Each structure stands twice: as C-alpha cells, then as structure tokens.
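The structure's right below; bear with me while I get my questions together.
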Amino acid sequence: MQPIMTAAEINAFLDTDFPQIHTDGRVFHVAEVTAGRVTMTFDPAERHLRPGGTVSGPAMFTLADVAAYAAVLAHIGPVALAFTTNLNINFLRLPKAQLIRCECRVLKLGKRLAVVDALLLQGDSDDPVAQATATYSIPPR
Amino acid sequence: MQPIMTAAEINAFLDTDFPQIHTDGRVFHVAEVTAGRVTMTFDPAERHLRPGGTVSGPAMFTLADVAAYAAVLAHIGPVALAFTTNLNINFLRLPKAQLIRCECRVLKLGKRLAVVDALLLQGDSDDPVAQATATYSIPPR
Amino acid sequence: MQPIMTAAEINAFLDTDFPQIHTDGRVFHVAEVTAGRVTMTFDPAERHLRPGGTVSGPAMFTLADVAAYAAVLAHIGPVALAFTTNLNINFLRLPKAQLIRCECRVLKLGKRLAVVDALLLQGDSDDPVAQATATYSIPPR
Amino acid sequence: MQPIMTAAEINAFLDTDFPQIHTDGRVFHVAEVTAGRVTMTFDPAERHLRPGGTVSGPAMFTLADVAAYAAVLAHIGPVALAFTTNLNINFLRLPKAQLIRCECRVLKLGKRLAVVDALLLQGDSDDPVAQATATYSIPPR
C-alpha cells in the first residue's frame, strides 16, 4: 500500500476542501506520510481544554476522525466524498494539556470500505491516551 | 431502575459543573427523564454545521457523549467524576441542519461501569441519523 | 421498512445455505419477523455452557451475528453473500444457562451497508445480558 | 509493563482453569510473551471452517477474546475472574483455512480495566484478516 499524496498535499487539500477543521485555528497538521501510515498532530486551543489541565473527549474524537480520514486520502487521493460510517474510541488515560500525536495505520483499503487504526500519544511515552478504529465509506471511483 | 434527579436538576448540575458544554451557547438541553431513560436535545449552532446543510460528526459524537453521561447522572446522582471509557458510534444518515434529539437508554448500571445506548433522531422520522453505545467508569461511592 | 421474508422462509434459507449454524444441533431459530425487526431464539447446548451455569461469550457473539444477519435477510431477501464487517458487543450481565432471545432492529438498510442493533434478553427481565451493533456489507443487487 | 507469566505458564493455566477452550481439540496456543505483548496461534479444526475454504467469524471472535485475555493474564498473573466487558471486531479480509496468528498489545492495564488491541494475521502477510479491541474488567486484588 503506497501513498499517492504527500503530507503537504493533504494539508493543502484539507485547507481548501475542509476549512471547517480550522474553525478554532490551525490545530490539526499532517506531519508524516509513509506506506500505509499517516501521523497527524493536534495542538489544543483553549476551547479544547478541560478543568484539571486535560483535553476534552470530543477534541480527541475529532483528532482521531480527521487523522484517519487523512490516512485514507493519502492512499486514494483527494476524494472529498469519503465519509465516516463507524468510529470506536477507547479513552485510556487523561491526556496532558499539550500536543497530541495521532499515529494512523490503514488496516484495509477496499473498493467500498477503508478501516484505519489510530493511536493517540503524547511526548515520549509509549502509553497511548486513546485508541480508535474508524471505518470510511469510499465513493465509487 | 428509577431516576433520582429530574431534568431540571441535571441541567442545573451541567451548568455549574460542566460549563464547557455551553462554550458554543446553550445548545444541549435535557428534555425528559424517565425510568432508565433520558432524552437530550441539541440545537446546532453555526459552528456545528457543514457544507451541504448537515451537522458535523464531532457534534453528533459530543451529543451522544453528553446525553449518555446525563442518563448515568440521572440514575446515580450528581457525581462529577464519572468518565467515558469507550464510545462506539455508527453514522447512519446525513442529518439535516436542525435540532437533533438523543434518546438514551441505560442498559446497565453497575457498581463500576454503566453502559448506555443512544439513538439520534430528527423530526418525526423513526430512522436514526446515528446510534452510539457508551461506557462510563463510575467512581467508588 | 417492510420485511419480504417470513420467519419460516428465513429458517428454511438458513437450513439450506448456512447448515454450519446447526453444527451443534438446532439451537438457533427465527421466532418473529415484523417491520424492521427480527427476534431469534438460542437454546444453548452443553458446549455453549460454562462453569457456574452461564453461557459462553462466543456463543452470545454467534447469536448476535446470526440474528442480525437474519434481520438483514428478512428485508433484502435470500442473498447469501452479505457478510459481517464489524460487530461491537457489550457483555452486561452473566446469563443463566437457559434460552436467550435476541431482539434485532435494523437501524439502516442502505445499498451497500446495513446496520443492526441486537439486544440479548432472558425470561421476563428487561435487563439485557448483552447488546451488540453489527454492520453488514451488502453485495450489489 | 513487564509480563509476570511465561507462555508455558499461561498455557498451563488455561488448561486447568479454562479447559472449555479445548473442547474442539488443542487449537489455541500461547506462542510468545514479551513486554506488553502476547501472540497466540489458532489452528482451525473442521468445525471452524466455512464453505469456500475460509474460517468462521465466531472462530475469529473466540481467538481474539482468548488471546487478549491471555495478554491480560500475562501481566496481572493467574486471576481466573477477569471477564470481557466489550469486544469490537472488524472483519477485514477472508482468511484462508489455515493457522491464524493473533498479535496482542496491552494498551492499558489499570486497576479496574484492561484494554487490549488484537491483530489477526496469516502467513507472511502484513495485511490483517481481522482487528479487535477488547476490554476486561479486573477483579479487586
């Protein structure tokens, strides 16, 4: 499974076709694309934080969804019409109020469905703050 | 399974203990509480909408999570420390850019875990726009 | 959403096209079909039981999967090629070593995907022993 | 996260405390235990196969559940009372009628809950036939 878009190309596509993800500022950024894998970073803004110095659940859901979508795009090209059909997320540890890295792996890229695993990590720790699996419906090409 | 908080009491508790859910205006509202069940409404603001006149996935995730949490609160009382451990959501149909009703049913209320089913509906249709199942960890009481 | 097969027709189709579900005897039986809904019963055999007088997790998974599949068949007709793409199951209470009823509701019946909710119940209790949500890929018709 | 049981010790514990997993012969076998990880193999018997030369969904569910449970045991010791609360499985590709390897990673090992990721693989391929995430409730120690 080889990517057909670079990190810069995906970032540019998200800017033009999904400007809504930048509503709270440019917090999402595709950092790396390799075979079957995409890493996105999320730099939480004030509105994503919660009392106790942590990051909200909806913000982590959004990161997993946007990052996994970017992982699909990287391998099928700029198709605006793929959409999420299912997302299962496990919240594992309270994140710190700082950057979260979402490491995605495309588990399956079929004609109709793509399934992506996403691990949310912080700093040097190998212990994920959350894990998600997302399924996308891919339009006929 | 009998509720021990009214809709008004849960709304007041969310106001004081979870003001962050009102960051975008008062869009979430507990409408009804009965045995094992809570209905919450969500009146989407501009930022929750998407091109094509629909509601964003993260907004639907947030509704399911807040509503299911309210359903747990309704039956265990105002415990600020319950937290989501897992949420599985199926996006079934594109919602219209209008009010969404989230009908929750508490499937299990154990000492340590609660599991809630949530159906997201619009208008008079019986066809849900999304369905979620959420698990909450309940602190020792 | 109207069914196009009766309970008897689905049972006959499962007999001829999925004889493997009867490997342990005739334990699965479609009991009722109504608009958007199918109920299947499961009468556990010795091999499905566990020490302590309960039913095994894999047996409950199989019931949810076969029943939800029957619910899809009921509404699309005898298509042998639909297959499960995702199944999320919550184990809620230890079942007793006796008959389990699986009440299924078709949440979505699309051209490519069907999503079914399944509740596993015993006796007169409204408290489910398990809940599952299953997604099926439907072949082009 | 360091394991406190060897592969041989887990296999012996499963033999004595969960003999039911050997109902169909000795098909499950813990092959390797390292920090945070356990690999189990499953050698399907006749009853786990399906027409077309593939392995049944319930057999893959059982493998994921038993392997993830073994991964928890490896790190908490021989506690017979841990039980599955949730299992989410994605069926990605039709497996061949041959040995399946289940590679598990413990994502979280808390006081009350453990979450394990499981990838089901065959032969030399990196493309998984299924992926599961399982949650276990851990009894007070």
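By written order: A, B, C and D. Residues from 1 in each chain.
The rule is short, and it goes like this: contacts are C-beta pairs under 8 Å (C-beta built on N, C-alpha and C of every residue); 3 or more make two chains touch, one makes a residue touch a chain.
Just so we're clear, the structure is a prediction, and the values are computed from it rather than from any experiment.
**Student:** Count the C-beta contact pairs for B-D and for A-B, then tell me which is higher.
**Tutor:** By the number of C-beta pairs in contact, the winner is A-B.
**Student:** Tell me which of A-C, A-B or B-C has the interface of C-D again, with more than half the contact pairs shared?
**Tutor:** Repeat interface, by the over-half criterion: A-B.
**Student:** Compared with chain D, which chain's mean CA position is the farthest off?
**Tutor:** Result for max centroid distance from chain D is chain B.
**Student:** Between chain B and chain D, what distance separates the C-alpha centroids? Give it in angstrom.
**Tutor:** 34
**Student:** Quick check: how many Å separate the C-alpha centres of chain A and chain D?
**Tutor:** 28
**Student:** Give, as an integer number of Å, the spacing between the C-alpha centres of chain B and chain A.
**Tutor:** So the centroids are 24 Å from each other.
**Student:** Mark out which residues of chain B touch at least two other chains, giving numbers and ranges.
**Tutor:** In chain B, the residues touching two or more other chains are 85-86, 88, 90, 135.
**Student:** Looking only at which chains touch which, which shape fits best: line, ring, star, complete or other?
**Tutor:** Graph shape, chains as nodes and touching pairs as edges: complete.
**Student:** For the complex, give me every residue of chain A touching chain B.
**Tutor:** Of all residues in chain A, those touching chain B are 20, 23, 47, 50-51, 56-58, 61-62, 65, 83-91.
**Student:** Along chain A, where are the residues that touch chain C in the complex?
**Tutor:** Going by the criterion above, the answer is residues 85-86, 88, 112-113, 135, 137.
**Student:** Could you list, by residue number, the parts of chain C that touch chain B in their complex?
**Tutor:** Within the complex, chain C touches chain B at residues 88, 90, 92-93, 107-108, 115, 117, 127-128, 131, 133, 135.
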